[in-house]
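Once you've had a glance at the structure underneath, I'll fire off some questions.
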């Protein structure tokens, strides 16, 4: 479904992404892990078009979406969350949800006309939104301002928002980071549910046992390139992965005692 | 949506009532002993304030003199000055207030042509006399029966100087003017006449009225090496240009309209103004009425007005209004009819006759600056 | 050759003034990300104070200049404390409107106190400019003073910023307001210094223009917008950028109207401004200030 | 009291209020609802006025002049659309300020078209379908209707799904892009619509004052409109209507304070400026304000 081929992105001297390639099959949940500074979030931004790659290709169903404008990639069915939560703080939870839904009536002229279908569509969107909010049990908060929710609730809202546009591919940037255990369980169950629904998910995460529990496949990045790819069990024992995380084992030659 | 509309209009009305409530109603009351109000519109703040202040004080001086001399058949005269800011919007606001609230029948002003042209239709419609001591713009001539002025239209001044310069043998001339209505008006008339006579404008430079550094424009003129320069500034920027011309070693014969016929220019520009020829309505500061006016002005306000001839005109306009009212002409229409009969009125601003479309016919004379003084030419 | 040299000299003289005033804009913006619209009026106030001391009270011109600079420094300080301090952290628009309110207030105040008449420092007779040998451009004594004084003040500011404690504190606060306050620098004290120095420099510019040309209550308006453009072109927030921007605008303006009708003199400065904003928004020396996409 | 309302003085102010309501509501659409700090609004006001006046003087019927005013002002808006996309916050404010000054320089120097500083006197009265607005009262009714239509139009935009996306873009452009909103298209539409509305106000102004010249469309005019928006409250249509009403009426009572004649004008400006400063210090969010204009994307306002 999603093919990343030999992506390069250098910021001045820094080789953020250095020839990274991997694949995400349809319906699979793939984790993208690696030490800090491995270029995980940069890959995310390259895929979603916020940053232009120097070289390399991003293909969605073999359609080249490299360097397309973020809003057009989103329209292709790719939606994402951010490492630092990005909601519309001064707008209600419901509005946040409805904004993510496909709405032809957002066109300047159509939105002005008092069309019946528009009202129907608006009502339908509200229902779909409430359904999703129930799914992440934020239904009670629908009229609250997004900015007033707790951190965990905002995480859930951001995920629900990403789901609202019925995406083909869901990109989650550290969904489990900074959340208390009960919230973590909620998020884990949520992802399991999505897996059952056959959603394709690519997520970046540091929390290893969360990754091991959820991911079908794990892609490990270090120094801007992917060093290993495979099922979680295999990856745990992979030597290169351990070196990357735990650092290289260096033999220290002892000088012979005089 | 419907209640929102109602809310909005109610709010609009209540703010209005609050906003305008403190206006006391001022009935015209011919018989009652209330003072007769005449309006004044001129730039009292903003870029043109330096001149507006002098013009207002000229009118104020006349009103105070008339009142000390017993007023209009016993009724006192009151000047209501409003700030026109040399802008159409503010001038119309001021005019509406003067006409509707103060019920004035005659207004001294506007000064900038933009003020006069904006107020003219309002005054015409309300049958209130509008007499401008300083707007020379040619468009004012046909702007209405109730619209007069005490200064000649720039058509006259521009032509006279063009003819004089041509007769003096100048063929390749430069023009430098401030980029505002008075100056552009004079420039248009001058260049039309001068080219008609066969002369040629070799270079033209203009500048923003509040500019301070005209050195590059002067350098450009120097480069075109004209025989003479027709300079159309306001006094302040005119002084700077004369100074900067001297500093840049550009000694061209300079010709200018009445805006440079001002003592302050001579003082402030040191000897840089020497030899300058100026066209001006018969306004020589030595004339009895004019000298007396300047003396009284200085005693009362302690400064010499920038554009002295226009302050004197404002003074005369008030006296003309007073003369009309003394003969019982109180309403705007009566004052209007009286003004059309004015011929050879000698006031602080020199001899004045009003022609059939309200313009002032004033003989124009030429003066030259000789060792720091204006001296009559032929 | 003479004409080109003359244009360059004209540009440098005008540039000196723009640079002095631009420094005030850049220092305030560097720290508060706020365009001090009233700065032009401080320039005008400096000119009038200089005129009062020199002409009315007959004090020697240099002493008058210093007194005027002190006066404006106090004025700058007071303006900051009364009008800008309560609005710290209130977003961009309220301080912008307040600054405009102050600039209108000062203009009207000048008309009330000094009257609207045009004043000038010039007393003596106007003397011909001195011809600079072999490039035969003309410059007068006062203009030479303008260039010398403006460059001297800029150099003084450079040393002040580089080597004194408050100078370093200023750079720290400009770089990162929060971190500087944690490290023990009192940002409010630094902000007051910025307003004091910026206003004093603007006052110097005002006196120099007053000596060379004349004084009107609205003289601060057009000089203000031009100097502000210079600050942006040079790289808003960067001292050396303001100086370079000042001279650049001065030169481009004077050389520009050689080719296009002189009525567009002011428009040239804005065209340069638009060019820089679109293609190099950080200006020549400016540093990228967190504008790009921090995704 | 009623006789007072019929007086031209009051009607003149009412008409000015309608004109400035259109200007402040349209600017609020750009600044308040889309977060684009635009300091060039007076330029569109001027373009609309000149377009309408020039065509009216050339004898065209008023509805053509009206459409021309809207069209050319919108064209002006399109011209600053590019910088509005590329720049943010202060930089956008400075760029639009520059555009406004250049527009005024063109008005002042393109003498062959606009007669430069001489201005355009004698702009004919408005007449359409045989009906001519002769009295000030008729003109006021016409202006009021147009003002109400513009206010409804803008509030419709803001309350519609289109407006919802606008507010999202104002809150966080990155997030808006991430959910598939083409923010460039939205911004361009808003800038052009705002400019076109300013053109309408320009046309009304030209035919009301019957004389226009470059001195009216200065930076200070834009600042006046920005003050109306901020005073009324950013992102509040009601706020802009009230803000415009207050700032048009504010200087009027000052005329009647009986200040000593020599200082009256300067004192009036001082009181006006002092009120402005006090309002900003004690009511920085404006009367109806609910959204504070923050710096680019820094979390706290600096």
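Lettered A, B, C and D in written order, each chain numbered from 1.
To be clear about the criterion, a residue touches a chain if its C-beta (ideal position, glycine included) is under 8 Å from a C-beta of that chain, and two chains touch if they have at least 3 such contacts.
Remember, predicted model here, so these are calculated numbers, not experimental data.
Common neighbours of chain A and chain C (chains touching each): D. Annotation: C-D is the more contact-rich of the chain pairs B-C and C-D, by number of C-beta pairs in contact. Separation between the centroids of chain A and chain B, computed from CA atoms only, is 73 Å. Centroids built from CA atoms put chain C at 35 Å from chain B.
Chain B and chain D, compared by their mean Cα positions, are separated by 32 Å.
The multi-chain contact residues of chain D, meaning those touching 2 or more other chains, are 108-109, 174, 265-266, 269. Counting only residues that touch two or more partner chains, chain A has 50, 82. Multi-chain contact residues of chain C, defined as those touching 2 or more other chains: 107-108, 111, 261, 263, 266, 293, 295. Considering their complex, residues 44-47, 49-50, 52-54, 179, 205-208, 210-213, 215-217, 219-220, 222-223, 235-236, 239-240, 243, 246-249, 264, 268-272, 303, 306 of chain B touch chain C.
By the touch criterion given at the top, residues 29, 32-33, 35, 83, 86-87, 89-98, 100-102, 104-105, 107-109, 111-112, 177, 225, 228-229, 232, 236, 261, 263-264, 266-267, 270-271, 273-274, 277-278, 281, 290-291, 293-295 of chain C touch chain D in their complex. Chain A meets chain D in the complex at residues 48, 50, 69-72, 74-75, 79-80, 82, 86-91, 95, 98-100, 102-103, 105-108, 111-112, 118, 122, 161, 165. Against chain C, in their complex, chain D makes its touches with residues 31, 37, 82-83, 86-91, 93-95, 97-99, 101-102, 105-106, 108-109, 174, 219, 223, 226-227, 230-231, 234, 263, 265-267, 269-270, 272-274, 276-277, 280-281, 284, 292-298, 300-302.
Across the interface of their complex, chain D is touched by residues 1, 4-5, 7-8, 11-12, 15-17, 19-20, 22-25, 44-45, 49, 56-57, 60, 79, 81-83, 86-89, 92-93, 96-97, 99-101, 113-114, 117-118, 120-122, 126, 137, 139, 143, 179-181, 183-185 of chain B.
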